Each structure stands twice: as C-alpha cells, then as structure tokens.
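Okay, so chain A shows up in both of these, paired with chain B first and chain C after.
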Partner chain A sequence: MAVFTVKNENVQGKAVALDDLILTKDYPTAAGSKMLEGFMSLFDAEVVPRLQNAGYGIAGKVNVGEFSLDVLGETSHFGANRDQNGNLVSALSESIKTENAFACLCTDSNGTPRRAAALSGLCYIKPTYATVSRYGLVACVCSGETVGVMAKTADGCAEILSVIAGHDDKDGTSLPQNMIDSAKNADPICKVAVISSFMNGLSADMSEKVNASLASLRANGIEIEEIDDSVLPLAQPAWNTLSAAELCNNISRFDGVKYGYRTANYKNIEELYTNSRTEAFGLLTKMQLLYGSEVLSTENYMPVYDKALRMRRVLCAHFSELFASYDAIVLPACSQTAYVETDTDTAYNESLYTAPASICGLPVAAFGGIQIIGKAFSDYALLSLVKKTEGGAAQ
Partner chain B sequence: MKFETVIGLEVHVEMSANSKIFCSCGAKYGAEQNECVCPACCGMPGMLPVMNRRVVELGMTAGMMLNCRINRTTTFDKKSYYYPDLPASYQTTQWFAPIAVDGKVKIETDNGEKFIGIKQIHMEEDAGKLVHDDWTDTTLVDFNRTSVPLIEIVSRPDLSSAKEVIAYLERLRALLRFAGVSDCRWEMGTMRCDVNLSVRPEGSTELGVRTEMKNMNSLSAIEKAIEYEAARHIDAIVSGTEELVQETRRWDDIKGKSYSMRSKETAGDYRYFPDPTLMPIVIDDAWYDAVQATLPLLPEDKAALYMEAGLEEKTAWQLVASRRLCDVLDAAVEAGCPIKDAANWIFSDCMKLCNREKLTADELPVNGQDLAKLIALVKNGTVTRPNAARVLAAMFKDGVQPETFAAENGLLAGGNDDRVDAVVKQVVDENPKAVADFKAGKEKAAMALFGQAMKLLNKNCDPQQLKEKIFAELAKR
Partner chain C sequence: MDACQMQRLEQLNRVALTEEEREKALAFFASRFADMEKCNAVDTENTERMVHIFALENVLRADEKKKIFSREDLLKGAPEQTDGYWQVPRLLE
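And now, the complex of A and B:
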C-alpha cells in the first residue's frame, strides 16, 4: 500500500507530511477509516497554516490505522504497509525514510508514532498536552491525544515543534503562550530512572535494542538508575478505559446522516445508523466502541469510568513524586522489534508502554526502542538528550 | 379517598446571548434554514467548543434571580444519543456540577405565599429542528437552533395544581425577562416546559407513578394537560381500569388528551461523562460580584419605586413587564425628563409606533436620552406636539437626533425658516383668486393655500406655524 493517501507532487519549501487525522481543506482526510473515505474538510487544522506561514510545504497525507488506535497502521481501510518479510512498517516513518519528507506530524492517540519512530531509527516527540492545538484533528481521545513530530533527528523534531506549538483560542484546552514558551528554558536532563518491571515482557531482540539505547545514554554521561514501580503499569487499564469511552463519544458523530459513509441498505433511521456504522468501522474500532459505551453506562460509570479518572490523578501525582528524584523516566516503546500478525489484543497490550505518558499528558521522546518521559514542558530538554545519542547506538 | 397532585417542572429557556454557546454563529429568529451554522455547530470533525462567556453570565444571573447557590466551579458534560437533529450525536450539558443549585421562587396562591424549590439550573445547547417535507416524503434538518444556549430550570416537585404551575411559570418568566436572561416567548419556543406529574392519596408521603409531558409550549395547553393528566391518574387508581406506567406522554391540545408515546425508550442511558474539551469554569469573587452588580431590582420592588416617584399603580406595573421599557424610562429620567412625561410618551407615542412596526415593548428602538431630548423640545415649545410625533417616527426608523432632524426638516416651531417663508410667498403670489376670495370673507380659501404650501414643503414643516405665516402673508395683501 502507498505511504500517502494523497501526495502533493509539487511541494514548495521543506516538505512536512501530515498524518491522515489532521484535517486539510485541500486534501481529503479519512483517518484511515472507510467511514471518512474521501471526506473533505471545510477548514485546515491549526497546525497546517502554522507550517505554511513558516515556509514549509505539505508533502501529503499519510496513511494511518483506523483513528490511529492500532499498533503500526495495520487497521487502515487503505491497507497496511509491510516490508518484504511481511513485517508491519508504519507509513508515518516511511514518509520520511522512503518518501523523503523532512518531518511528519503524527497524532499520538494510542502510541503508534512512538512505536513507529522507536522501531525505525527515527525520533518522535509527543509534546506536553495542550501546547499544540488540537483544532482540526479528527478527535479520538481528546483528554490525551497530541500532535507530535517525527523526524530523522532530534533537531528536526525541535525545529518543527517550535513552529506548531503555541496558544490557540480555537482550542479551549490550549495553554497560555507563556507556559508553552517555558519549555524552551527547561533544565537539562541528567538523571533518569528505568522501570524494571516494564523490561520483563520484552522479546530478546527488543531487550537488546533497549539496552543499547540505555548504554548510549550512559556513554553520554546520563546517570541511569533502575527502579521498580508498581503504579505506572496501572496506567494501561485506566487509559484503555478513558480512551475507549472518549472514542465512543467522539466518533458517534459519524452516523451516516450528514457526511461520510452511508449504507445503501436501510429502511428507517435506525437501520441507517446501524448499517452505516457496521459496514464502515473495522473490528478494532468496534471493540473500542463496545467497551467505551459499556464503561459509560449508568451501571459502570462510578465503578469503572470514574475510577479511571481517579487513577489518572493518582498517576499524575505519582509522576510528580518520581520527578522529585529523576529528571525523566525511561520505558521501552513497545514489546517487540517487529510485528507480523496483530489482533485486537495487540494494540491493547502495547498500550502498557505508551499509556503512562498519554494519560498524564507528559512530553515523551521516542527513539532507538525506548521512550523518555519528562515532566511537563521538558519537551526540548528531552530532544537535547536524544541529540546527544545521535550517531551512536540508536539504530 | 381524596387525592393530591404532585408536579415538578423542567423549564427550558433560550438565552439572549447574541451568539451560540460554543461557536460565534448568531442565533437570530426567523433566519433562512441553515443560515446560522458553522462546522462547529454542525458537528463536523475537528471542531472544538469555545465557551461563550456571556452565556455563563446569563446562567449566573438566572441562578441569582431564583435565589440559587452558584457553583463557583462549574463543568460541562456530554450526553450521548443518536437523533438526526443532534449533529455530533451528543449534547453538551451540565450533569455533575451545574451552574446553580438549591434555589426557590415565591408565588402567590389562593392560600397565600408559597415557595417553590429549584433543584438546579444548568446550561446546555439546544438541538436542531427536523422538518418533514410531505411532497418528497423526506425529513430535512435545520441546524440553525443547534448549540443555541439554553438554561434548564428544574423545580422540586413542590407544585400541586395547574393554577400554581401557571403562577410559577409566570413568575419565572417575569424574573428572567426582567434580568435580561431571555425574552421567554412561548410562541417562539424560547420558553418550553416539561411537566412531571403524579398523584397520591392526600397526606401520603410516597410519590405515585410519574408521567412526563414534554415540550409544552403554551400556558393554556399546560393548564389543560395538567387537569386532564391528574384526572386520568386518579381515575386509573380508583377504577383500576388502566395501569399507570412511568412514561413520556404527548399532549394533543386540539383533542384535549394525552397519549403514550409508545417509543422504544428501553435504554435511555445517556452515558454522561465530563467533557474533556471544556475546562472547568471557575467563577472568582470579582466575576461573581460583577454579575451580581448587574442584577435588576425585582419587578415588584421596581414598580414600588415608580409609584413612590409619582406614577400610577397601573402604569408602574405596565412598565415592569418589560425591562426595556424600564431602561428607557430610567435613562430619560436620568437625562432630566419628568417621570410622568416619560411614562406618557412611552405608553402613547412609543407604543403606538411599536404596534405599527410590529415590535414588542422589549424591542423599543429609541433610547431614553433621545426621548428626553425630544420631550424637552416639546416642553419648551421648540417643536409642536404633532411635529414631535414625526420626529419620533424618524428616531424609531433611523435613530436620528431629535433636534438635528427637526431643524433639518423644518419642524421647528416659530423658527425663522426661510424655506417656509419662500413657499408661502410663492403660493400666495400664484393664487390671486384664492387671495381675492379670502379678502371677500371666504376663510376656506386660506385652507386651500395652506394645503398647497404643505404639499410643496413635502409636509416638512410645523402646520401651526405654516397656518400663521399664510394668514400673515394674506394680511399683507
């Protein structure tokens, strides 16, 4: 399958690719779903004019898994990308590696871009929540998703991040400009903690990859401490609960009535809703919808959903405690170096690694099989740290 | 066995906020279908809600007017259901922390004063409208009304008769209109009401089976529906012919009956959860105090003040039926106009013009300062009373300044108006026969000259002055 769903053959300026959750008025935006195939937005996402006004060109729209909830784009209605061995290869990283985009803006709703960068030798920054506008993003998990930047180098990520980050009145959660600017003056990262329990479930080659990156950090003078922690793994069930519920709500607008896919097969409004959605959504999305609507039911709200909200607070407080002793937390980006077969459980299971930063809205840099989670507004400090390792072990 | 009726109301009121609750679309009445829409209120992907601050202030105002406690941290929640008039398939409303709670409203009943409890007031967005096209047998959607800001006022089940319900609704309407929260017009749907009703043996403390009648939109329908529904409940309990079930019923005002909606209301689970795209709204003391400072007196207190200032009781109550009339009167008085004069002008000339232009009192287009100026011009003889009516008409239409308009259009009394003098001379010169007739004692001949002069002046002059000038000119011949 093609890396781009739409490619701009006539790019003016440095080319930046956009994942297909970022709405553009000049190109269709499908979010990897049959539901939105050919959908033309009436407006551009806030990040688009920010890039254009800074002289960058749009390389095209990059194929993503349906609502980017999956492991590496395998659930896209337009097909998955694979290498000659049948391994999944994310179109996000391919847009840079084979299509020569300078960078790719990737929405991190369930960790896909972090896995993609960590497995492909690229760098990705998921910035602090609410420092990049979410205006014009096909919303999936509003409370945690963030537009981030993938590039060959940490400098490339920082360059584009500084262009897209900034306050936006059109996004009610957007932080004030002075807070966003404070990221430029963050303290450097000297001491990090690796959480040992997360290292247990890795494949052998993944362990090796992670250890190589840790060695590179150490070689660059970073103090690394291995600690055990029983709280961070709890981010996974909490995140999966919140994200499924929000997804369920956000994509309920895709009902076949106003735009997007409409079934040919209906006699009344109920059938129009049911058949349109049944025919257009993929299995992973449907599983999330079922789970999400279940956790929001009157019966389950307090014991499940509200508990997940409270877990988010516990986790954020816990991160603060960790940050009192360490500048950043290192976790593997995923459990394997390659994925051939995935099922609906794989994405769920892989969120073990990506959920902690997502649920607390913390900035995280991914490269060389690992992710480094920093405190809020440490975005550029994380990238400086990654830069130190470049040319070294990160393969 | 004697029964008592237990009624609670949910009243929806459309707020007068100029724009929609989460986008900048206007919300004007009578616009073309789908004229007042944007990607946000059409539920397009990628749009995020941006809170309209004015809506929060009107919500606070409503809460304060109904003696509620204002939640200093108030939040929005999403309520999910599928219906084609709800473009995002969720409604943004307040479920967990509404703007105002625990209020009360005083009403007058046959047995004296009674307080009706207010459980809560919450802010929310309205849904669109479905329009059925019989010709093509299709249903079309109009999104003009989606995201128009509403408040829902939920009463406690403290009402016990149709009469009390009417008194309560009229009181709500008066308070909300007076505070500028809403124009509360039943006929335009800016005030609507859901009636929850049950009956129980008198003295019982347990509630009976409750039915709900939704979207009632007139006081007379509400009154009839309550009487019908209470009788139906009592009949069902006494005779046992019908089993009462908790349900939503539709009131058919023409047939005078309520009907079960027979809807598939099996699930009814709205999956409320906090909206992560809207930050909690924190009302600090400064904001709270600023809104409180804008609260008007209660209508009855205002009327009492007017009476003290010398207005008749009837006039005072007529004034407080509309905040706009009070504002115009107050501004006129502030500008030095005697209160009785201002009230006279408002209820004579101003309301006459309003009726002619099909405007409500709330839409009275003149401001108090200008009205005071016009009244002063009349009082000091600068403009005659009939001419003043014409100046006022121009003030209505074009917002002109009274003294400038009167001067530019020859409506000043006794002024040295060359234009009028010239026309008078011309008319008298051109009509020697009329002059001769007048001299011969035919007074009517002067009126013919007057008519002609008036025509030439396009009626832009003071008739009394013109008459005097014609007689003066004739006397010279």
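And now, the complex of A and C:
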C-alpha cells in the first residue's frame, strides 16, 4: 500500500501532507473507507487555505485507518502500510520520513498520530481542542477530535501550528482568537508527573524507550515525580463510549444515496441502505457504530452514555488537581514498539494511553515513546520542552 | 445482549453482520460494558454532565439567503441521478 492515496507531484512551496480525513476540493478524500472511495469534496477544510495562503504546498493525501479507528492505519480500505518485517508503519509518519513532506496534518481522535510519532522518531503536537478549526474534517468524534501537526522537530510542529491555529466562524466550537493566542504565552514546563500504573503494561523495549525519554527530560533539568493514579485509566471506557456514540451519529449520513458507495445489490430502498453500508464499512467500524447506537438506547443512555459525560467532568477536574502540583503529565504513547497482528480490540486497548487527553481536549506533545499532556493552551510550552530533548530522546 | 438483540440493532443501523461477526460483536460489547462498569466506582450523582470541553456560546449569523453550491455541484457525487434529482428505488409498490 502506498503512503499517499493521492500524491501531488508538482508541489509549490514547502510541502505539507494532509491525512485523508481532511476534505480537499482538488483531491479525493476517502477517510480510509470504501464508503468514500473517490469522493470529491466541493470545498476545502479550513486548514487547507490557511496553509496555502501562508505559502505552503499540499504534498498529497495520506492514507488513514477507517474513520480513525485504528492503531497505525491497519483498518484502511486501501490496506495497511508495513515495513519489510511485517510491522505496521503509519503512513502519517512515513509521509515525512520519506522526505515527501515537511510536516503532516493529522486528525486525532483516538491517538493514532501520537503513536505514529512516538514510534518513528518524529515529533507531534495535538493542540488544545478548538484552537484549530475542524471545519471540513470528515466528522467522526466531534467533541474531541483535533487537527494536529507532525514534523521532524518541535520547531517544525510549532511553525505549522502557528499557521493553522486561529478562530474560525465556520466552526461552531472554535474558540475566540484571544484564547487561542494565549497558547503563545504559557509558562514553561519545569515539573512533570509520570503515572506509574500506566507503565505496568508496557513491553520491555517500550519500557526502555519511555525510560530513555524520561532520562532525557531529567538531563534537561525537568523535575520528574512518579505518582499513582486510579482515575485517569477510566478515561478509556468513558472516551470510547462517547466516541462510539458520536461516530454512530456522524456516519449515519452514509447511506448510498447522495454520495459515496452504493451497492449494486438491491431491490428496494432498505436493501440499498443496508447493503451499501454493510459492503462499505469495515468490521471495526460496524462494531463501533453498533456499540454507539446501543449506548444511546433508552436502556443504556443514563447508566452508560450519561455516565461517560459525567466522567468527562470528573476527569477534567482531576487533571486540574494534578496541574496544581505539576506542569504536565507524562504517559507512554502506546504499549509496544511494534505491531504486526491487530484485532478489533487492539485500538481500544491502546486508547488506555491516549484517551485521557482526548476526552478533556488537552494539548499533547508526543515523541520518543511518550506523550506529555499539558494544561489547556500550553501547546507551545510543550513543544519548547520537546525541543530541549531533541537529540537526546529515544528515537 | 444476545444474538437476536444484536440482529435488531443491526437492522436499526442498516448494517448486517455475519454470524461469525455477530459473535465477535457480542464479545466486543461485553468487554466495553464491563469496562464502563469500572466507572461506577466513581460517584457522579452530583456531577453535571460535560457535553462540551469548553463552554460554548450560541453562534448567530445574519439570516441572509446564500447560495453555496449549485444543484449540479451537489449532484456530482451522487451514485445515481435522474433529471437533476438523486435517484433511489421506488418507495411505494
């Protein structure tokens, strides 16, 4: 499978790749799904003209897992990207490592770009929710998804983030410009907490990678304390419940009528709907949308969906308590350094590490096997911290 | 949840699983619901639900008619179309 689903061979300006959940009117957008194979949007996502107006060129569209439900792209209808040993290799990071792009814009709802950067020696920033416009994304998990930036260095991420961040009237959740600008004046990060319970399930080589990055932080004068925490792991089921419910609603629009895939096998409208969706969605997408539908049912709405919404407030309040003592929280980005076989539980299992920042919309910098979760609007402070370690962190 | 209930859920969502997939989906559901049970260790009775991460203000715009896309443009992605309309099978026999 190619890294790009569409590649621009005549890039004008510094090239930035876009993941295939970002709508473009000049290139097809498939979101990794057979449902949208060949789909041409009538408009560009807001981040596209922001890049172009600043003189950047579009390197092409990068293959993604179907609707971001993946570990490292393996659920894409267009196939997984693997190295010669059969290990999954994210197309997001490959777009940069193969020198086809200076940076890659990545939609982050379940942490795939964080895993990709942390395992490939690149740097990635998931910005504070609603500081980068979501207008023109293939909507999957609206209440938490953000457009992040991956690049070789922290400076590269900061350069592109400063171009795409900003208020957008077209996005109803977009924050006011003065709040977005406050990210440029955040206090530096000096003291971080590592949550010990998250370190228990790591493979030996992942543990080594994480410890090397922690050593690099220490060597650069960062104070690190190891603490135990029983609340943050609960972000995993809560975020998965909210994600599934939102995905179920968002992809209900795909019915084989107005655009997208239509089955050839139908005799009436019911068969057209059902067969189009059955043939076009992958198994994980089907299971996740069914789970989302079930948690929104009369029986489960209050004990499951409503509970997850309340847990989001508990988790945000808990982060605030942690940030009273620490400038940032460090978690592993994932449990392993390499993935060969995955099943329909693997992406969920890996979301243990990525869900806490996703459900609370917090900024995260990922590199060298770890993610550093900061307070809202500490985006550039996180990147400054990563910059200090560059050259010393595990690659 | 059993296989019959899952099948009903499939019908509501306009997707169909094979028997083997349905077995996997039942295990998937059991695992997700069991994990959500862990959240019950936290008392949230007096906690307000949090739909949006940041408090949102209603965004209003002028109530002006605007033509964004032409009918022709909107039909460009249609799997089937006839005489400027999306085409679907006959709804009434």
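Note that the second predicted complex is superposed on the first by the 394 of 395 C-alpha atoms of A that agree within 3 Å, B and C clash if a C-alpha of one lies under 4 Å from a C-alpha of the other, contacts with A are read in each partner's own complex, and residues count from 1 in each chain.
Quick note on the criterion: contacts are C-beta pairs under 8 Å (C-beta built on N, C-alpha and C of every residue); 3 or more make two chains touch, one makes a residue touch a chain.
Model, not experiment: these values are computed from the prediction.
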Query: Which partner does A:Arg312 reach: the first (chain B), the second (chain C), both, or neither?
result: second
Task: Tell me which partner A:Ser143 touches in the superposition: chain B (first), chain C (second), both or neither.
output: both
Query: When the two structures are overlaid on chain A, which partner does A:Arg253 contact: first (chain B), second (chain C), both, or neither?
result: first
Message: Taking the superposition on A as described, I'd like to know which of chain B and chain C A:Thr298 touches: first, second, both or neither.
response: first
Field: First, second, both or neither for A:Ala45, with chain B first and chain C second
entry: first
- prompt: Given the touch rule stated above, what does A:Tyr135 touch, chain B (first), chain C (second), both, or neither?
  reply: first
Statement: Of chain B and chain C, the partner touching more residues of chain A is C
Query: What is the contact status of A:Tyr266 with respect to chain B (first) and chain C (second): first, second, both, or neither?
result: second
Message: Under the stated touch criterion, which partner chain does A:Gly172 make contact with: chain B (first), chain C (second), both, or neither?
response: both
Query: Can A:Leu23 be said to touch chain B (first), chain C (second), both, or neither?
result: first
Message: Taking the stated contact definition, name every residue in chain A that is touched by chain B in one complex and by chain C in the other, in rising order.
response: 39, 42, 143, 169, 172-173, 248, 252, 255, 257-259, 269, 273, 293, 309
Field: Complex interface listing, chain A residues touching chain B
entry: 23, 29, 31, 36, 39, 41-43, 45, 134-139, 142-143, 169-173, 245-246, 248-249, 252-255, 257-259, 269, 273, 293, 296-298, 301, 305, 309
Task: Report the residues of chain A in contact with chain C in the complex, numbered from low to high.
output: 39-40, 42, 129-130, 143-144, 169, 172-173, 175, 231, 233-234, 236-238, 240-241, 244, 248, 252, 255-262, 266-270, 272-275, 277-278, 281, 283, 286-287, 289-291, 293-294, 304, 306-314, 316, 344-345, 348, 360-361
- prompt: Tell me, which parts of chain C touch chain A in their complex?
  reply: 1, 6, 9-17, 21, 24-25, 28-29, 31-33, 35-36, 38-42, 44, 47-54, 56, 59, 61, 69, 73-74, 76-80, 86, 88-91
Residues of chain B touching chain A in the complex: 39, 42-51, 78, 80, 82, 84, 87-90, 141, 269, 271-274, 276-279
